[in-house]
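Here chain A shows up in two complexes: once beside chain B, once beside chain C.
Let's look at the complex of A and B:
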């Protein structure tokens, strides 16, 4: 019965998706074949924007940001839930299955809120920016129907996946359930990349001519130069963000747990969430680097607006938020080491890791230029500080970021090793190789940053940052491979889940707060680089708010969105807990007598 | 061979030399594919 149902769904998804794609493709061909009627992008006047008596941009900003927060969360959770479910199935461990199911419970409540904000955003855009939306509809045409079709498929799969969990829990039926999970993620990721194409089209349009008339197929419109960098960046960021949010749920449940068994369960859940968040976060700066490099390659002016103009200071704020994330994640790992007595072998290293993190953090937040009074300039002897000035430019920050990531991975590696006694015969060689990789990678990062960053020309400065990224990735990938091989037949020391201090749980709360703020911040930067264009170089924004908002105003908007999201998330946690609560019937004392 | 692998100095030196060579080769490769070749002493080549 279940197998038939699954086959039916697969057939439906397989049938509907290509059909919609075909409609979109056909319509693009129609557009391409009628080149004689090429219609340029409209040149808008101030009167083309309805005046509602409030800030249109602010309304759209908040709604778009809220939609993005929730969409990121609900698209990310099923990705790692599927992995956890598969691990539970493979190792026949119901704990994994229960945890995956509980993660989905949080996500399912957020799903309807995502749709509510998505619908509100669409209404707001059509109401407040009708001409712009008319142009976007003309460009993307029936692709929007494909998006709607995918959304239906996503909803159906999500509900079957969640509500069918216990009905398809064991044996062959579990394969069916896993297949539904896989389809859910395939559809969810497709939804994400389709929506990304709208954002990247606005930043770096393709498939149109210089006046905005559609000349290419829908595929040419979608695959602009920034599409794939943004796709990768958002998928990774979403997983890190989703992991952080469910980590906060686990912390909330841990702190309110009444029994030791409950504490142990939510401690383990919190650890898993932090593991997911950190693992997805480690490669994220490199994905961001790729996106930024592609922005520079597409338009130097756009790149300089982002990193050298008004928005440059926001990267200092970004450093503070990422520093918060790294310090919180590391602190959580260090605290978690207390679960196992074997961790005593490694605790002496924590102070050195903390030192690297703090020094790296301080270098990262050091600005290049400061707003100074004439007397301050005179005292300083110029606009740059003699000693700290060199720390304000990218080579120093590249060194700092890479070393902070390596330090975080070391914490993670020590945590994983703390409950194991390695027994393989080549343990000495394996450890020596691991130490050598750390030492030489760190030396390589510092050499590349200092030598190519300060003593050669700019081309080498940029090129050598790839060497640094590769060094960090070798540490991470090499560490995972070496540990996996060394842990074979390792003796496992007892760990006591639930035996962790409450402060560590506050670190799990700090993570989603910093992640949410960071997403709001960088979303503002990404969107602002278009300056006064709806679609860069093609369709001008002539609305009353066609300028990059001041940092103070942007800070307020980001904070409103962040606080609003966190409040709704707390509501979702409460709803998720409410479903486990069962009222005990009142005892009628009179009838008993 | 087995006794050589039991010698800590040999193992550590071997691990460092091997890793150094891998990173050295990687640095040359990464810069070369970007059109920025290096001399043997890691200075920019013309």
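Let's look at the complex of A and C:
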């Protein structure tokens, strides 16, 4: 019966999805043939913006940020849940299945909150920025209905996936459940990329002429130059963020656990969450490079506004946040090595990894192009500091970030090796190869950064980062392949889940706090590079708040959003725990007599 | 202490650390350009060049790339009249400009016609410029504004300005004698009184309705100083310090004030002090 139900759903989704796509496609053709498409974007006056007596931008800012936080979380969790579920199914290990189900329990409560913030955001936008929303509706037309339709599909699949978990847990039915999970992720990712197209259209519009009149199909409008870079960046960032949030849940449960069994379960869950968060985080800077490179290619002005202009100080804060993330993730791994006595072979390396992370962090926070007052320029003796100035430019930061990523991967590798005694005959050669890969990659990263960064012109500076990224990726991919081969028939040493200090769990709280703040910060940058345009180059923002706010004000807004998110997440954790609580009926002594 | 209190305290504490860092950094707002009404017939060559400089530093966003960072030729460090002449003589030059003014205009309106070696878009072999066309969005300089920028680029190294000053007849796009431009600065004061208030003169000087002993009395300044001395005391206040007063007057009025505002203030002080 379950199989038939699943087939029916697949048929329905298969039927509905092309139909919606067809509607969007047909409608864009119809629209393209009518005169309305030649209407330019409106030129707004200040009086076109309703004055409600409060800051319209602040209201939209908080609502949009909250919606994005929760949307990122609920779209990301099913991605790694599906992978964990599949691992559990393949290796017939119920622990994985239970953990995946528990992750979904947290996500499902967040889903309705996502919708609540999404609806509130839409109302706020239509109320406070009616002309802008009218223009966006004109441009995206019935694509917005496709989005709504996908939301229905997402909801249906999510509820079936979660509530059907135990009903489709074993045998053939599990394949059906995994298929639903796959469809859920396909629809979820489509929702994400559709919503991304609105944001990237505002930054780098396409499918319209120079006055904002629609001239292209909906596909041409969506497929702007920044769409795919942002899609990749957001998918990775969402997974890292989702992993970090469920890691905090595991840490909270670990700290509250009453029994050793509970501690062991949530310790393992926390470790898995941290693994997911860091695994998705490692390639994130490279996705960020791609996005920034495309921004520069689209508009050098926009790129410089982000990286070297008024927003330059902000990257100091970004460095502090990413430093917090890397240090927390590494500290958690180092603490976790105490679960296994075999880790003593590697603990001597921790201090060197920590040194690389701290030096890399300090280089990363060294600012470069800053907006300075004349007296500050005079004090510095120029626009850059004599000694520290060279550390402020991108080549130095590229060296720092690549070495920090390699150091983090090394922590991971050491952790994974802690409970193993390698038995393959070529163990020595394998280790030598691994060391050689590290040495060559590190030498290449430093050489490319120093030589191309300081002794050649700008074009080569940018090109050198590709060599550095390739070196880092070779270490990560090479390390995973070599370890996988070397772990064959390896002797496993005993390790005790739950045997980890409580301090390490706070690293699992630092991760989501830093991730959340970081997401808000990068949203502020992404939005600010449009300067005083709703839609860059075609629709000016003439509202009273059309300026880029100072970092302090923006920081306060980010904190409000982060604290609100944290409080709601704690509520979600509580709700998730509540469902496991069952009241024991009171014994009626009187009736017993 | 309950776990929930500990983890919330830790998380909120960390959030506050990030907030504190953001608030400790220098606070700079990115002001959107404000609309400003100017009278094209009221320009002097000096004020027209000053407008060009404002546009170069502000709305034109030229200094984002044209600086000493190596992203684009450093226009402020180059003599643009000599440089333009050399470029027009370059065998790679495919444009139609015959003189410096035309070359500078062409480079702003069709930046890819001639790309300085090493400054082209990546992979274009210096055939495509990353520079936006300045009369299109997002910069949107008007013809008058482009002319002002050219005048600035010619004048900054002491070269002859060949751009004709705008006239009422030369601006047919407006129905009145005034046109609107966008500048990243407050609108120009319309009267001398407004200028005196806008530049904070009334804070230290007795003038208009205010009494202040910090600086010399401006109501009678015309009886002590000539027109040129009054002008000098505003644009270069430390040249001569009035006896008995501290040397605390701001020295950047030459940069902040428009020529017309300076003229209005000087004339007002002369007239009211007679």
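In this text, the second predicted complex is superposed on the first by the 570 of 593 C-alpha atoms of A that agree within 3 Å, B and C clash if a C-alpha of one lies under 4 Å from a C-alpha of the other, contacts with A are read in each partner's own complex, and residues count from 1 in each chain.
As a convention for this text, contacts are C-beta pairs under 8 Å (C-beta built on N, C-alpha and C of every residue); 3 or more make two chains touch, one makes a residue touch a chain.
Quick caveat, the model's predicted, so the values are computed rather than measured.
Participant: Give one of first, second, both or neither to describe whether A:536 is in contact with chain B, with chain C, with both, or with none.
Facilitator: second
Participant: Of chain B and chain C, which one contacts the greater number of residues in chain A?
Facilitator: C
Participant: For A:411, is the partner it touches chain B (first), chain C (second), both, or none of the two (neither)?
Facilitator: Neither partner.
Participant: Using the touch definition from the top, say if A:472 reaches chain B (first), chain C (second), both or neither.
Facilitator: neither
Participant: Pick one for A:528: touches chain B only (first), chain C only (second), both, or neither.
Facilitator: Touch partner of A:528: chain C, not chain B.
Participant: Now for A:321: first (chain B), second (chain C), both, or neither, which partner does it touch?
Facilitator: A:321: touches chain C, not chain B.
Participant: Report, in rising order, the residues of chain A that make contact with chain B in one complex and with chain C in the other.
Facilitator: Comparing the two interfaces on chain A, one with chain B and one with chain C, the shared residues are 457, 459.
Participant: Touching residues of chain C toward chain A in the complex: what are they?
Facilitator: 3-4, 6-8, 10-12, 14-16, 18-19, 21-23, 25-33, 61, 64-65, 68-71, 118, 121-122, 130-132, 136-138
Participant: Within the complex, which stretch of chain B touches chain A?
Facilitator: That would be residues 5-6, 8, 11-12, 14-16, 18-20, 22-23, 26-27, 30-31, 34, 36, 42-44 of chain B.
Participant: Under the stated contact criterion, what part of chain A meets chain B in this complex?
Facilitator: Answer in residue numbers: 426, 428-429, 432-433, 435-437, 439-441, 444, 447-448, 451, 456-457, 459-460, 463-464, 466-467, 470-471, 474.
Participant: With touch defined as at the start, can you tell me which chain A residues reach chain C in the complex?
Facilitator: 210, 248, 251-252, 255-256, 296-297, 299-301, 304-305, 308-310, 313, 316-317, 320-321, 324, 369-371, 383, 457-459, 462, 506, 509-510, 512-514, 517, 528, 531-533, 536-538, 541, 546-556, 558-559, 562-563, 566, 570
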